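Could you have a look at this structure, given as structure tokens, before my questions?
Note that the chains are named A, B and C in the order they appear, and that numbering of residues resets to 1 at the start of each chain.
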Amino acid sequence: MKSTVFVAGIGAISAIGNNVAECLTALENEAAGIGDIHHLQTVHRNKLPVAEVKLTNEELALKAGLSSTISRTALLSMVAAKEALDDAAIENISSLRTGFISANSVGGMDKSEDFFAEFLANNTKGKLRNVVNHECGAVTELVSDKLGIKNYITTISTACSSSANAIFLAARLIKQNMLDVVVAGGTDALTKFTLNGFNTLMILDQQLCKPFDENRKGLNLGEGAGYVVLVSEKVAASLKKDVYCELSGYANANDAYHQTASSPEGTGSFLAMTGALEKSGLQPSDIDYINLHGTGTQNNDIAEGTAIKRLFADHYPKMSSTKSFTGHTLGACGGLEAVFSALAIKHSIIYPNLRLETPMVDLPFVPERKLVKNVPVKNVMSNSFGFGGNCSSLIFSKL
Amino acid sequence: MDKLINDLKVQIIAQLNLQIKPEDIGDDQPLFADGLGLDSIDALELIVLLQQHYKIKLSNAEDGPKVFKSVKTMADYITAHQPKV
Amino acid sequence: MKIYIRATGNISPQKTFGHQFLTESLEHTGDRLTCVEPDYKDIIDVKLIRRMSRIIKMGVASAIECLKESGVAIPDAITTGTAYGCLEDTGVFLTKMVEHNEELLTPTAFIQSTHNTIGAQIALMLQCHNYNNAFVHRGFSFESALLDGMMLLLEKEANNVLVGGIDEITNISHTILKRMGLYKREAISNLDLFTTNSKGTIAGEGAAFFLLTNQSSVNDYAVLDGIHTFYKPATIKETEQQILSFLSAQSINVGDIDLIITGRNGDSRNDEVYDQLQKSIFTTHRLINYKHLCGEYPTSTAFALWTAANIIKTASIPTAISNEISKNKLKKILIYNQYQNIHHSLLLLSAC
């Protein structure tokens, strides 16, 4: 018997809002959060636009109930995860088997890179407390400890598909009857490490990014966190509030083409989207909206677009990249975009793909350029494709 | 020019961690695809090499394939663009 | 459905590569056990090696060895666990970033530093488009990868899964961890690890891969009955309860276990848990250890799994592990590893 997994709560923090309501308002008002660097201390200030969360570490710490000396990645994670749990409002949660599956790309690197500068000069120097939570898993535990979750905790790091994989794993653990409730998603804070790393790949746009535009020049890095609370059928039935939607499909495939570039045919993307459809039992024509991975790089957008062309041939759903609002939040993007997918279903809206002036010549479809309201949004596909060829797609469906 | 070409070969081998000797790279041998088999990441590494050793900034990655076609084309480019002291 | 360990591959501080089962034990003095590595040029295409740092070579080589033994060319899924990730490349990129003040940086070290690189490189080499996941959760990294792989088999999403646990030591990481007080202050021999009653352990590293399948064959090592992890138990009673519940879920009790392998690491503070259990639920068993061979590192359970699987397959215990155990019956082995009473792992294996 096929069991179902539901989204009972959502939480988010990003450059466009410090909680779900603020993010939704920004999406509806076409208010992107990309601009100059304010918080990160880097030589690239005033040169590279990024999508920073508009709060200092001290402000985040207050919201999170954690110390401001810990990694910004953990602070962002706590804020969003707590919002999701509060939103789910599961009354008897302490008697349920609860898990926390998080994702991030570089753990507490924002603190480690500060440590490193002193350490390099003299290896007896540098505050150890800045590296004690360097590991990806340490950041997760700072949050799971605060939330009081311990039945199952783990961390996934598969580059840009990380938090999609976290959500996917959570669903499977519930279906296997190992857990009843799982908070799943991801987080990433901006760091010099990632900013410089992406800069060396020459895929950063020095202006605001233009996903799926013929003249796109690259991505803008962002930061944030996004979590969903997944519950079993039994738990869903006990809730007072309606659930948002069902996680009806998911798949993970590997492009196996190159370390950082996607294959021109978008093999990994195609396989992930196809697999998610198969899992959900849906046809391509059933998808009402695709939340694109759409980073704005030359390579991703053509690879993803080509895969969509192959799969959806003639039945192109509406689609858009919300990275035009939030930037590319790396380990958080799957989680953040899962939240946006759930909201799209709940509010029957489709977000615009900002700054798309010239549609891509090689693609027979164009993402939505304006917000679309009051349309049936029954099935949403959310794509997350990362370095190392790690490609994942999730499908959320209205009940 | 000969010295530049030889220096370049040594630098390329070091930068890209190639397990070959300078004599193994022909002056006109294609560096990418079938020749030496370098890829897009190597192209980025070569851009940094130009900057680091020769103070030349290749700001448009799309010029890469032309400039990095062979060691000889790289040497020509450097000679043409090297900032005058 | 049973899950079989069909094949293994292991690079460790002992001579384990090439399917050597601890015929001798290598002594390391100092606080750091480094791997005995093969000549990678014999195993990996030279053109690919140049892009691989040490940990990636270790992971890829042990994965290749495992796949060769299994006869599976392309696995249905690849899952990896690494707590620290690719430290060497992380260190290189950070160093250049600091030294050059964020200018003139090159991409290779950055790309290679991402935690999913090992699994991704394996997929790339094999042209494997199937499921691929990477776990980075401290002492649960390998266990998470193992559980993910086992679930895929149970869900019938895969018929075979390649699962690996990999971690490395670098000069930088070792200096930092040493400053945190994790290791012995004095230089000792790894073979004396359990007799020096002092604080601190010795650092280790390794890369071990397993091919798990739901179809039996004559060459299988063992059956992987189950896995369970638990986090920060409040009391020793809770630890005992978790262990007993796990065994009960496997329809056995402590008396049915022939051998218990523990993650005792020579740190008197860390090992208190094992001392207590030896006096309570494990009182009728002699506990044997493995970390004198591979050192302490977050994915060391992979080395323990490799050891247990080989013990069952050969129906023998090498003297490197212990010469004090009756070798009458070696059909059911429990692995219990815990680190600083935070991350506890249990694995149960049976003879096929």
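Everything below uses one rule, namely that a residue touches a chain if its C-beta (ideal position, glycine included) is under 8 Å from a C-beta of that chain, and two chains touch if they have at least 3 such contacts.
Only a predicted model underlies this, so the values are computations on that prediction, with no experimental measurement involved.
Centroid analysis (C-alpha atoms only) places C farthest from subunit B.
Contact analysis places A-C first among chain pairs (by count of C-beta pairs in contact). One simple way to say how far apart two chains are is to compare their mean CA positions; for subunit A and subunit C this gives 30 Å. Work out the mean CA point of subunit A and of subunit B, and you get 38 Å between them. One finds 42 Å separating the Cα centroids of subunit B and subunit C. In subunit B, the residues that reach two or more other chains under the touch definition are 41, 44, 48. Subunit A has residues 200-201, 258-260 in contact with two or more other chains. In subunit C, the residues that reach two or more other chains under the touch definition are 51, 105-107, 111. Across the complex, subunit A is touched by residues 39-41, 44, 47-48, 61 of subunit B. Remark: subunit A residues 200-202, 258-261 touch subunit B in the complex. By the touch rule above, subunit B contacts subunit C in their complex via residues 15-19, 37, 41, 44-45, 48, 51-52. On the side of subunit C, the complex with subunit B involves touching residues 46-47, 49-51, 104-108, 111. The touching residues of subunit C, counted against subunit A in their complex, run 51, 78, 83-85, 93-95, 97-99, 101-103, 105-107, 110-111, 113-117, 119-121, 123-124, 126-138, 140-141, 144, 148, 151, 154-155, 172, 175-176, 179-180, 229-232.
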